[in-house]
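In order of appearance the chains are A, B, C and D, and numbering begins at 1 in each one.
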Amino acid sequence: MQKVVEMKGITKVFPGVKANDDVNFELLKGEIHVLLGENGAGKTTLMNILYGLYQPDAGEIYVNGQKVNIKSPGDAIKLGIGMVHQHFMLVHNFTVAENIVLGSEPKKGIKIDMQKAIKDTKELADRYGFKIDPNAVIEDITVGQQQKVEILKALYRGADILILDEPTAVLTPQEIEELGVILKNLVKEGKSIILITHKLKEVMAMSDRVTIVRRGKVIDTVYTKDTNIDELAEMMVGRKVNLVVQKDEAKPGKVVLKVENISALDHRKLPALKGVNLEVRAGEIVGIAGVDGNGQTELIEVITGLRKPTEGRVYINDKDVTGKTPRDIIEAGVGHIPEDRHKRGLVLKYSLYENAVLGNHYKLPFAKGIMMNYNKIKEYARKLIDEFDVRTPNEEVFASALSGGNQQKFIAAREINKDPELIIAAQPTRGIDVGAIEYIHKRLVEERDKGRAILLVSLELDEILALSDRIAVIYDGQIVDILDAKSATEHELGILMAGGTLKKQA
Amino acid sequence: GCAKKGGEQGGTQPKANVKIGMVTDQGGLGDKSFNDSAYEGLKRIEKDFGVKPDVLQSKQQENYEPNLTQLGQRDDLTFAIGFLMEGSLKNVAQKMPDKKFAIIDAVVDLPNVMSITFKEEEGSFLMGVIAGKMTQTNKVGFIGGIDMPLIQKFEAGFAAGVKAVNPQAAEGLMNRKTVKYAGSFTDSNKGYELAKALYNDGCDVIYHASGAVGLGLFKAAKEMKKWAIGVDQDQAETAPDFKDVILSSMIKRVDVGTYTASKNLIEGNFKAGHMVLGLKEDGVGYAPSTKNNTPAEVIAVVDKYAQAIKDGKIVVPEKIEDVKNFTAPEVK
Amino acid sequence: MANGSIPVVVALLAATFRLATPLIFAALGGVISERSGVVNIGLEGIMIVGAFFAVYGSSLTGNPWVGLLFAVVSGALVAAIHAVLSIHLKADQTVSGVAINLFAGALTSFLIFKLFGRQGQTDGVAALPYPTETMAKIPVIGPFLAELNWFVFMAIILVFVVHYVLYYTPLGLRIRAVGEHPKAADTLGINVYKIRYLCVIMSGVFAGLGGATLSIGVMNLFREGMVSGRGFIALAAMIFGNWKPFGATAASFLFAFAQAFEILAQKFGWALPTEAYLAFPYILTMLALAGFVGKTTPPAADGVPYNKGER
Amino acid sequence: MANKNTTSSKLRAALNTLIFPIISIIIAMFIAVFFVMWAEGENFFTATVTLFQAIWEGSFGTSFSIIETLVFVTPLLFTGLANAVAFKTGLFNIGVEGQFIMGIFAAAAVGLIPGIPAFIHVPLVLISGMLIGALWAAIPGFLKAKVGTNEVINTIMMNFIAMFFVNYMIMGPLNAPGKATTPLIQDSAKLWRFLGETNRVNVGLFIGLLLVALVYILLWKTTIGYELRAVGLNPHAAEYGGISIKKNIILAMAISGAIAGLGGAVHVAGIQYQAIQLFGFTGFGFDGIAVALLGKSHPVGVLLSAILFGALNSSSLNLQLANIPKDIVYLIQAIIIIFVAADYIYKWIGEKRKKEAMING
C-alpha cells in the first residue's frame, strides 16, 4: 500500500525534555492509524510537527513520497493535511461557519461572502451527516458538536490526511460511536487518518494499526487485529496495568449530601437545573451519568457554592448550606476535584506547595492569624507528592510545569487530604493515561471504604459503571432516574442519557 | 506704555565679576510668558555686562528647591521665576544668607531677597479699555489658564477697564458669563474651543491670561475673524501668524525686573525688599504693535487712562469682587 | 469685523464633533490593536509624536498634507517599536506602552529644541486648509459643516471603514480571530505575527492622525503638553465602547459632548467653582459607565504574547 | 546540603534577574550618548564623559545630590509599591496618581490643625492620607467588583477629578490668602528631617523602606497576600479555593490606594509642608507605574528601580548645568524600560544554548 506520510528520525527538544527522540512513523493510504502513549509521551508533539506548528530539530518528512518542508500550518493545509487538535482550536464567539472558513474565506469583492460560507458549511455537514447549524455560535453548542466543527474545518480545506488528537476525550458513548462511523466513511472516500486516544477499547474498535510511543521514542507499530487491550496497555506504560477496578460491596451510612429541588441558571442566564433531587450517603459512590451540558457543571457549582441556585436547598450533614460561600462549604466538609483543572483546580503560576493548601491556606497549621507558615506548608506538599506519587522535581516548581495527569493526581491528593466527608469528583480522569487512571480510581474506592460520601460526575460511562454504587442519570437539568450500578447496563444508561425512559420497556 | 530697551548705553563693557542664575517654573523656557521674558532680561545683561546666566528648568514642583540651592551655591544672584517657588525660595534664601535672591510674582520677606511683583491689573485695565472701545457687539470675553489669584488679577483689571469705557460690555465679565477657565496653561485645543464658544456667544473681543491656551484663542479669532488680545509679551510679534487678529497685548516686563535687579547687583547697589512694577514703573503696559490694529483714537483714550492710573487717580481693583463697586472717574 | 453667531445647538454639536475627533482616531487605533490581541497604552505617546511630526512635516515643506503624511508615518514607526517589543520580544505590553509614553514626551521636547531651535513649542506652520466659506454654502447643514475641519470628516469615515473591515472582510475576521484565539488562527495557516504587526502599526497610524488633529487640524503648531492626556481618555473610550469601533466612537462622543457642555455651561453663570465644570466630563463618564454600560469584555487574548512553540 | 543548594540557586536567580536590567541601563546610557552627540555636536568620547559625569554627579556625586536623589526616591517608593500591589492582584491602577494627590490634600488639610502634639499629629496626618487614598481607590475597586466596570477607565477619570478637587480646595477652603497654595502645615505635623531642617530628606524615606518590607511580607508571607495573588493569577481557581474575588479586588485597590495616599501625605509632611496648586499631574503616580513594572512588581525590584528613577530625576539638574537637554533623562528612562521589557532576548539566547546542548548530548 502507498505511504501517504513518512516521518523519519524526527527529534524535537523542548526546554528540559526530548519530546520526540528519533521517531519514525508512517501512515498508509486509507488506514486508521492510532498513536498510543502515556501522557507526555510525545504524540501531540509529533503531530504538531507534521502539521507545521512546531519545527523538528532533526528529521525528515515525506508526503506522498515527496520530501517536504512544512514550515507552517498553511504549508500542511496545502499538502492536504488537516488536524483536529487535542484542545479545540475554535474561536468561541464566532459562528460555526465563521470558524470553518477562517483563513480561506470565500469572497465577494473585498467582502467575505458569508452567504456562500453558510451554504458551503451546510452542504459539507449534510454530506457527512452532521447536524450542525452554521449560524450557531460556538460557545452555545455542545462539545460533541464542536468536535464535528473541528472535523469539518479540516474537510473544508480538502484534507486527505486527517489527524485527530484525542477526539473522544469529551464525547459520549453515542458520539464516539458516531465518530467511528464518520471515520470509516472518510476512509472509504480514500482519506487516511491518524488517531490519538487513551481509550483502548476505541483503539481496538476503530484502528487498523497502532504505533506505541513512550518517553518520546517509538516502541513498536502493530496491527490491531494481532493484539489486545492488555498488551497495548503494557507496551504503553511499560508494566502490567490492572484495568479493572477492584471493589467490595458498599456499606452506605447516614446521608451526607442532600440536594432538594435545586434549580439554577447557567452562565448565559438560561435554566440549567430544573428541580434536582439527590442524596449521597457515607460509604457510597454515586455516579452522575449524562451527556455533557445537561446541568452537571451547574449542579456541582451549586453544591460547592460557586453558583447561587434560584430555588431549592442543599444540606451537608443536615446543615443547610444553600447559597453559602465556597469557603463555608469547604468548612462544612466538602472536597472537590473540579472538572477543569486549569480553570479551577490550580493556580498554574503558583508553586506546588502554594497550590497544596488552596482552600485551607488560612487554617492551622498552615497559617496562624494572617501569617502563613511556609515550612509547614512545604512539608505538607511533600507529603501529598509522596503519597500520590506525583511526578515532579520538587514542590517548588510551578503547577504549570506538571503534565496533566500529574496535576490531576496532585489535586486529588489535596482534596482527599482535606479529610472531607463528601468528595465531589468531576471528570477525575479526563485526558490522563491509564497508569494515572488506575491510581485515582483505586484511591476513590479506598476513600469510599473509609466511609466517605463520593459524588462522581463523569462523561465516561466505563468509569461511571466501574466506580459507582448507584448511578443517577441527568438529562436536561433533571435527574431522570437512579439505577443500581450492579444491574445497570451501558445500553440502559445510553437510553436515559438521550432523554428516553426505561419504564415502557419494562 | 511703549517698551524701550533699558541700559543700552554701555555697549560691551568689561566683564562684570558676578554670577547670575535663574530657575524657571514648570512652564520652562519657551513659555512665551514670564519665563521667556525673565530670560530676555538676563540676556540683555549678558550683552551689556558680559555675564552669562545659568538657567535651570523645573519639570516638577520638587525641582524648585534643589535647583535654587544649586544655583544659590554657584551664583551671586539667583532668580526664582514664578509665585509657585515662594516656599522653596524662602527655605533656600534662609540657608544662604550671604547670597542674593530675587523672586518674580511673589513676596518673600527676607534680608537677602528682592521680591518683584507686577500690577497686572493695571496693564489689563488698559486692555479692557481697548476691548470696551473696540467691541461692536458690546460683549467681550476673558480666558484664564487656571482659576487662581494671579490670573484673577488679570481678569479683574480687564473687567474694570471694560467697565470704565463700556459698562454694558462689562456685564458678562462681572457675572463671569463670558469668563472661561481652561484648567491648564498648555492645552491649546481647549483654548480654541473656549474661544469659539465665547465668540459664538456674541463676544467679539477676547483677552487671555492662559499661556499656551491662548494660542487656541488666536486660532479661533483668525478663523472667525474676531479680535483677540495677548498677554505677557507682544504676541503679535511672538505669534506672527496671528498678528492681524491681535488688537494688543498686555506686556508684563519681567525682563525689566530681572534686568534691573541684576544691574543693581553688578553696580553694587542691590537692595532687598519689594519692588512693585506697575504702569508708572513701566513694568506693565501695552505692546508696541497695538497701533497696527487699534485705531489711534482708541490708543489716545488708553493713554489717558494710563496717565490717570499713573497719577493715582484710578486705583484698579485686583479682585473680581471689587470690580462691581468700581467706577472709573471721568477721564478727560 | 464679521459677526456671524451661530445657534447654541449648532455650536455645541460642532464643538462635540471637533473635541471627539482626536479621541476617535486614537480610540480606533486602540480598537484595531487590541482586537488583534495587543494592548496599546502607548496611544498618548503616539499622539504626541504624531502631533509633533505633523508640524515638522508642514514646516519642512510648507505643505500641511505632507505634515499629515509625517504624522502617519511617525505614528506608525513608534507603534512599530511597540510591535517589535510586544510581538517578537514578548514584552509585557503595558511596560512597552508605558515606555513609549515616556519616550514620546522626551523625544518631542528634545526635537523641538533640535529641529526648531526653540523650547516648549514649535513655530507656527501651515495648517490643513479647510474651506469654511464653501462649506457654509451647503444648504441646511452648512453652518454646522463650516464649524468643522477635515479631520472630523476623516475620523467619521474611518469609523465606518474600520467597522466594515473588522466585521465584513476576511482580514477583519482574521484580526478578530487572532485577538480571541491566536493559536486557532495559527492552525488555519493565518500568520498571527503578521496580523498583529499590521494592527499595531495601524493603531500608530490612527493615533498619529489623532495627534495631527490637535497640531495641524485645530492649531498650527506643536506645544509640549498639547495632547494633555487625550490618549488615556481614548483608551478609556475604547474600553467603554467594548473594543468596538462604533462603541468607542460613541464613548468618544459622550466624553466630547460632556466637555463641550462644560465649556458652554461656564457661561450659565452658575455659582459653581471652575473646577466643578472642569471635572464634569470625567464624572459623567464614570456615571455613564457604572449606570448603563457596566461590564465590558476585552478580546480573550488581549495582552497575551503569542508564542508559536507553546500551548 | 539540599538547603545550601537552594540558597545558592536562589542567589544565582537573583543575580540573573539583576543582570538584565543592568545591561539594559548600560545600553540605554550609550544610546543617550548619541542623543547628546546630536544635540551638542560633540564627539563620542566627550559626550560620553560629559553625560556619565553629569549623571553621576547629579545623583550620587555629592552629599547634596545624594540627598536630593533620596528626596525623589521617597515618593517613587510609595507609588511604585502601590502599583505593584495592584499588578499582583491582576489590576491596573492607573489611579495611583490621583490617590497620591488625595494624600497630598489630606495631609495639607489635617496638617493645619493647631494644638496637637507631634506624636499624635504626625500619625494623624499619615493615617488621613492613607485613608483618603484607600477610599479614592476603593471606589473603582468597588465598581469593578459590584458592577464589573473596568478599573482602568475609572481610575483614569478619578485622576482628573482628584486634581480638580484638590485645586479647588487649594484655591478655596484651604487657601492661603493671595497665594496658590495652602498655608504651611503646623510644625507638629512635619516629618523629621534627620539631616537638618535644610536638607529635605526626611523619615518618610524610612517609612518607604519599611513599606518595602511590609509589602513583601504582606504579599508573600500572609494569607492576605496569598489570596490577593491567587485572585490576580487565576480568579476562578481562587474562587474555587474559597477566596472571595470581589472582596480581594476591593481590598487590593484599597491597599494600593492607601500606599499611594500615604506617599502623598509623606510628601507634604516631609517635603512640601503645604499643597501647591497643580498645573498638571505630579507625575509620581505615572512614574510609579514604570517603577513597578521595571521592578517586576516585586517590592525589592521596586526599591531598586525607584532608586534608579530617583537618581536620574535628580541628575536632570546637573545635566542642564552641563548644557545637556533635560529631556535626555526621560529618554534614558524610557530606553531602559524598553530594554528591560525586551528581556525575552536574554531568555531566548539562554534557551537556545540549552537546547543545542541537549540535541548534541
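Just so we're on the same page, contacts are C-beta pairs under 8 Å (C-beta built on N, C-alpha and C of every residue); 3 or more make two chains touch, one makes a residue touch a chain.
For each chain, UniProt lists the protein as follows: A = Putative deoxyribose-specific ABC transporter, ATP-binding protein; C = Unspecified monosaccharide ABC transport system, permease component 2; D = Sugar ABC transporter, permease protein.
Because the structure is predicted, anything quoted here is derived from the model rather than measured.
Comparing chain pairs B-C and A-D, the larger number of C-beta contacts belongs to B-C.
Look at the CA centroids: the one farthest from the centroid of chain D belongs to A. Averaged C-alpha coordinates put the centre of chain B at 35 Å from the centre of chain C.
Put simply, the C-alpha centre of chain A and that of chain D have 45 angstrom between them. Taking each chain's centre as the average of its CA atoms, chain A and chain B sit 76 Å apart. Centroid to centroid, with C-alpha atoms defining each point, chain C and chain D lie 28 Å apart. Each of residues 164, 167, 171, 280 in chain D touches at least two other chains. For chain C, residues touching at least two other chains, in rising order: 225, 273-275, 278. Contacts between chains, counted with the stated touch criterion, involve the pairs A-C, A-D, B-C, B-D, C-D.
Interface residues of chain B facing chain D in the complex, by the touch rule stated above, are 26, 54-57, 59-63, 65-67, 69-70, 83-84, 86-87, 91, 94-95, 106, 146-150, 183-186.
The touching residues of chain C, counted against chain A in their complex, run 168-170, 173-174, 176-177, 180-181, 183-191, 300, 308-309, 311. Residues of chain C that touch chain B in their complex: 1-6, 8, 11, 15, 18-19, 22, 112, 118-121, 124, 132, 147, 214, 218-221, 223-226, 228, 259-260, 263-264, 266-269, 273-275, 278. Against chain C, in their complex, chain B makes its touches with residues 27-32, 136-137, 147, 175-181, 183-184, 186-190, 192-194, 196-202, 204, 212, 215-216, 219, 223-227, 239-242. Partner chain C is touched in their complex by these residues of chain A: 14, 51, 53-54, 72-77, 83, 85, 87, 89-94, 98-99, 101-105, 107, 110-112, 153.
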